[in-house]
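Just below sit the structures, each encoded as structure tokens.
Same chain, two partners: chain A is paired with chain B first, then with chain C.
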Partner chain A sequence: MIKLEPRGERSKRMAYLSPVLAAVLTMLTGVILFTLLGVDPWEALVTILYVPISDTYGIAELCVKATPILLCAIGLSVVFKAQIWNIGAEGQLLIGGLFGSYMALQLIDVESAWVLPTVLVFGALGGLVWAGIAALLKVQFNTNEILTTIMMNYIALNILLWAVHGPLKDPDGYNFPESAMFSDSSLLPLLIEDTRIHFGLALALLAVVAIWVLMSRSFYGFQIKVMGLDASAARLSGFKEKRLAYFALMLSGALAGLAGVSEVTGPIGQLIPNISPGYGYAAIIVAFLGRLHPVGILLASLLMALLYMGGEMAQISLGLPLALTGLFQGMLLFYLLACDVLISFRVRWISRQPTTAPIQPTTNTQG
Partner chain B sequence: MPKQPVPPRLSLRGITKQYPGCIANDDVHLSIAPAEIHALLGENGAGKSTLMKVIYGLVKPDRGELLWDGLPLEVKDPAHARKMGIGMVFQHFSLFDTLTVTENIALALGDDAGELGPLAEKIRTVSEKYGMAINPEREIHTLSVGERQRVEIVRCLVQDIRLLILDEPTSVLTPQEVEVLFVTLRQLASEGCSILFISHKLNEVKALCHKATVLRGGRVSGACIPSEQDTTSMAKMMVGDDTPVSTTYPKVLGDKPVLEITQLDQPSHDPFGVHLKNLDLTVNAGEIVGIAGVAGNGQEELLASLSGEALSKAGTVFFNTSSAGKTDVALLPPDQRRALGLGFVPEERLGRGAVPEMSLTENALLTGFLTGLVKQGMVGWQKTEAFADKIIKDYKVKTAGRHAQADSLSGGNLQKFIIGREILQDPKILIAAHPTWGVDIGAATAIHKALITLRDQGAAILVVSEDIDELFLISDRIGAICDGELSPIKPTPQSSIEELGRMMAGDFSPQVQPATEGTHA
Partner chain C sequence: MDIDLISNILYAMVRTGTPLLIVALGELICEKSGVLNLGQEGMMLMGAVVGFVVALLSGSLLLGFMLAIVAGMLMSIIFAVITMELSANQVATGLALTIFGTGLSAFVGADFVGKPIDGLDPIFIPVLTDLPIIGRMLFGQDLIVYLSFVLFGGVYWFIKYSRPGLILKAVGENPHSANAIGLPVLKTRYLAIIFGGAMAGLAGSYLSLAYTPLWAENMSAGRGWIALALVVFASWKAERVLLGAWLFGLASILHLVFQGLGFSVSPNLLAILPYLATVVVLVILSSNQSRSRLVAPMSLGKPFYAKS
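The block that comes next holds the complex of A and B.
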């Protein structure tokens, strides 16, 4: 039998080292994996981790990829601090993309500086509403948000597919499941010429700063943290749990929605069936890998973006399957959780049944 | 030829147990003869719990040995201890609320239980023989705390018991119930069973125990025969020479009602909770009102309806703290009650009074946010840090600093921090639940002094506690709660421990006592 015993002191330093350790272990496992697959492990690692960002174009692409992940993850850091497990950033992202696309198509003939902000706000609103449904179910009916948010991811995906195959399909698009290309007035401007880095990155960085202020400087953020750590202390101090739960979930939903609309109005430029290769799910890993801290999340989202690019690169130049990306993401989370457990607990092997076992008949019968 | 005397039932030699950061037991020697009632005295944190866990096989000592009837014994686990005839009654019971007495005992005995029918019969006879009758068919949730303790004791007695360990058994009993327990224990001892009685209540030890071993800081600080000692000398052994062990405070009576409860009738949301029945209570400015009671008689419900965690019917709870006059607070949430001058010290200091993983600074903000620490939604961290530092300094909180996590503090120090945090906000009403529970005597004295000082500054203070000595020490008026009903509240000098004990058991009738003029029945 294996028993986990708590270690006395939890070390802050180890808590921050754990993600680094997890990343290193993931790479080491990768090396074993590549060797078994008959690929030179050094070459594979270089292909995945270095080649994608070996030139300025690559670095720009890294930023493009990191943008939606960062937006989702920074929102998730708020709900996760409240100990509300929103697994639905993916669905909120898709609905955000859908809402934004709808508005962009409605305003396709309008030329005004207001078009883009309207589209962005509408997209964020989509994510907010989508997360709001889960918040309503949680607060009013005490449903488990892990289940509802996961299920709503699939609903969101199917609504998006319906829209793109149906009402939002481009009438002049030869029946491809795609919307019309958006007009220039609803496209995000580029931040840096000759790259694809768009204004969404600025929004994401702004969100990082705003969330940092919210969580470390504002009293509202403090209340969210207290609620997550110790609900009865929050209640005793009169913090409004329901309102905080709505706020945290809807804020993360809005940021995921913003990620979605930034994708369709940024690098994609129209609504297509697959606007996200699982950014919303990757963001969960990023949020934890970044220890729910804005700076950590910024770094982790870059690493995650690199894994997406590296996976594609490995497929192209080494013939390795694209599933590699998912595999590396999974290993990262697995090792992170394992490191966290082993930092707080030590493992003991126990040979016998524990003490609660029924006792043998006593032979000692003197009165 | 040396004569061989009867070996002690249990003998501990040089037991040492070290935990990271502290030595829980340091070279502890102790021996108990057959038929002896032996007291293990010590403050919280003196190492009593660790020592009894060693005897019961829950903890392995780093060094030292244990002799059982003169022979070395290594207790492998509690099952082994039970097999040897060692029984233990914990302070916190492990009973299943929805099962019957017999089922609970059968679960604890495992294979030894046999058929339920004969076991029930045995429970009935054993419990009657020792004067603590319990009905084996009753479900646990229908039993009072005292009766639950009987179940735990009977669980030990249905087996062949040779050493019974009781951990602070009287903390959950009324004074009358304590007497009954002592009769049982004396009878048990007269039949040859050894009893290890763990306590910090000196009067009880004096009344019951043949011998006593005193622990302080993990070491044996003295051994004595309690009947030959006075309580002060034993207290000195427990706390050392430098801590004052007894003080008295002058009693006063206020006349301006500040906290008023009228006809508070409140069903509990918890299926095992207590229904508050038509409570009336007034606490005046400049006095301390103490409410005694055995745990689980409506204290939690009363406290929740005062803190604002539970809302009540309009017109049942009033604060008279502002110049505007009486405010009906029954429907106000906790933060708005705080804004009206409420300070609140909850029973659980970690995980309600303070967030365990947060720093002292953050925990100062937890309830201090209404005192100008937050401006336009932003936390003034510098001010908050200054507030935390002031609490730490003024209330002599021993800690590495304001950055220390709340759960790194000892119970007494954290309690001093929480009390200080509430008092420094200058409350008009302070409600304290079990303010010195599990706190060492030094900290308890500091906390009592702080409450008295606050009283003398004119605050209305309500203390709910299970510790009768504490209530008599600091309360100006005193009463008891039983099954959701509140007894009449009498000026403390006109009440007595016996009367309070009766009230804790639900008998509120004015008794033919020497001092009856203060009763308002």
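The block that comes next holds the complex of A and C.
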């Protein structure tokens, strides 16, 4: 029989190996699933994982898709480090897109280099305010942030739908629920000609570097990490717990808001009802898969973007449902959580009698 | 407002509150054992899709409901194994269950979106249905609504008066003491989690087979999450779960009330109400810290390691 034996300390190697193992297990499950569905599994895997990025256009699209996921996930890495469960990146992204669109439509006739920065800042501000509400409720009223941020995702979606069906609807748009196309002065410039890679990718990469510096080189980042590991130690050290909670939540909200406004001013170019196919939720998986580390998150967001493109490709060429993406995302997170057991435990095969060694709980730093 | 309108509003309130009530009763039992399962939404969606597909293919609503319950139970077993055998974080695992359930249900149901099905018919209880105001609300509903009354009574009695209910509470308050006096902590938690899964599956299939007899992606629209808030709102008491579920049902059908009164408000803005109400209620209830600590099961969300 199999027995789990505590390692006594967290295995660093396993912490990095576990996401890889999870990805492999997800792929294997995919193979079984495709076989059951009567699809050639090899062809399916190639279609999902290779075909979308087999040419330069595909690689460029991968970067376009990864941009909002990366922005959301890098922000989430900060709050998750603080052990604050912001599940609201999706709502913060939507509000960011909405705020940015509002500003872009207000300034639609203005031609100035200041228009785009104003729009972007306004979008980020939208996400910041949206997360700030959850922070306020958590800090002042002790309200569980998981539930408030989830509820605010639904509220954000409905506000966006209201706006796009109502006040922000294009008056000359034949009654379609879409805003007018933004003017050139509020559109993100392309980063690389002849692709759709826009300036948002540069912002995202900048954010990754900034967060890396914040978390590993600054005292503020150190305080956030301590607060997440041991709240009472942080309190005893005189860290301003409330201020840190505000900071972490609002920072992640602002980055998610930036993701939203980059979508509407980047690849989309107007406000539409569905500006995100769940990027904010995918970012949660990315943050965990990337071990809350900037480099890991960068890689994981590319993988997640590939899953989105692969799902579309599988729908087009294999006739599989688009929901394949969501299914794989869910499996990936499940396998990751299951594989993470290997960080604090090692697997032992026990052939004959049961061991007499008592199983002691390891010091569980992850709470 | 005339009597007919009030009667109809009360009827719709109970009907709309029923899926919330069922899933929240399941989560209540689960949380009483000290386990926080955030996967309600995912389990509901699986129940909804499995119930719908089975009922459509077999032509039997009963089979649909039954297999939806099984689907919810299977989902909850995944959660139970990962959190208890592999000691993963309950919050993260519950979240994963919701993301997985959302994806899997959309995948399974992709070919069934928009297909029509004959939903569950109401059963009018003679004479009682004709009572003024409350007749339709309590005695003119469908079978699952009546079942939800029974489930409520059962859960209420179980927690308050039964011996296994006492064990459940002991495990949720202090699993180490419970373990020390020989109570089966893990078994109790397994059963509580699986009961939660069964209820979520049933609640989901109520949506797809009775409430709006059709399947649509994400059709539970956050009800699983609202149910989690409901349990907090109810201070972990069954009778308040019932009250809360119906109140939230009322918040969800306010557009009917507004129509009845002759107002016109954007449907998207009215759709915000139940979510907004959830936030407001959570804020009011959790602002008193010492009180919320007293009413929640002591070990809620904390892992338990059996020492052999």
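Basically, the second predicted complex is superposed on the first by the 335 of 367 C-alpha atoms of A that agree within 3 Å, B and C clash if a C-alpha of one lies under 4 Å from a C-alpha of the other, contacts with A are read in each partner's own complex, and residues count from 1 in each chain.
FYI, a contact is a pair of C-beta atoms (placed from the backbone, for glycine too) under 8 Å apart; a residue touches a chain by one contact, two chains touch by 3 or more.
Predicted model only: the values in this text are computed from it and were never measured.
By the touch criterion stated above, A:Phe222 is placed in contact with chain B alone, chain C being left untouched.
Once the two complexes are laid over each other on the shared chain, residue contacts for A:Gly238 go to chain B alone; chain C is not touched. Once the two complexes are laid over each other on the shared chain, residue contacts for A:Asp230 go to chain B alone; chain C is not touched.
Once chain A of one complex is fitted onto chain A of the other, the partner contacts of A:Phe141 are limited to chain C, with no touch recorded for chain B. Ranking chain B and chain C by residues of chain A touched puts C first. Looking at the shared chain after the overlay, A:Asn175 reaches neither chain B nor chain C. Counting contacts as defined above, chain A residues 358-361, 364, 366-367 meet chain B in one complex and chain C in the other. Against chain A, in their complex, chain B makes its touches with residues 19-21, 57-58, 77-80, 82-85, 109-112, 159-160, 191, 307-309, 333-338, 344, 346, 348, 351-358, 362, 365-367, 369, 374, 377-379, 381. Put simply, chain C touches chain A in their complex at residues 38, 42, 78, 82, 86-89, 91-93, 95-97, 99-104, 106-107, 110-111, 217, 221-222, 225-226, 228-229, 232, 266, 268-269, 271-272, 275-276, 278-279, 282-283, 286-287, 289, 292, 303, 305-308.
Taken together, the chain A residues at the contact with chain C in this complex read 4, 85, 87, 137, 140-144, 146-148, 150-152, 154-155, 158-159, 161-162, 165-166, 281, 284-285, 288, 321-331, 333-334, 337-338, 340-341, 344-345, 358-361, 364, 366-367. Interface residues of chain A facing chain B in the complex, by the touch rule stated above, are 8-9, 217-220, 222, 225-226, 229-230, 232-233, 235-240, 354-355, 357-362, 364-367.
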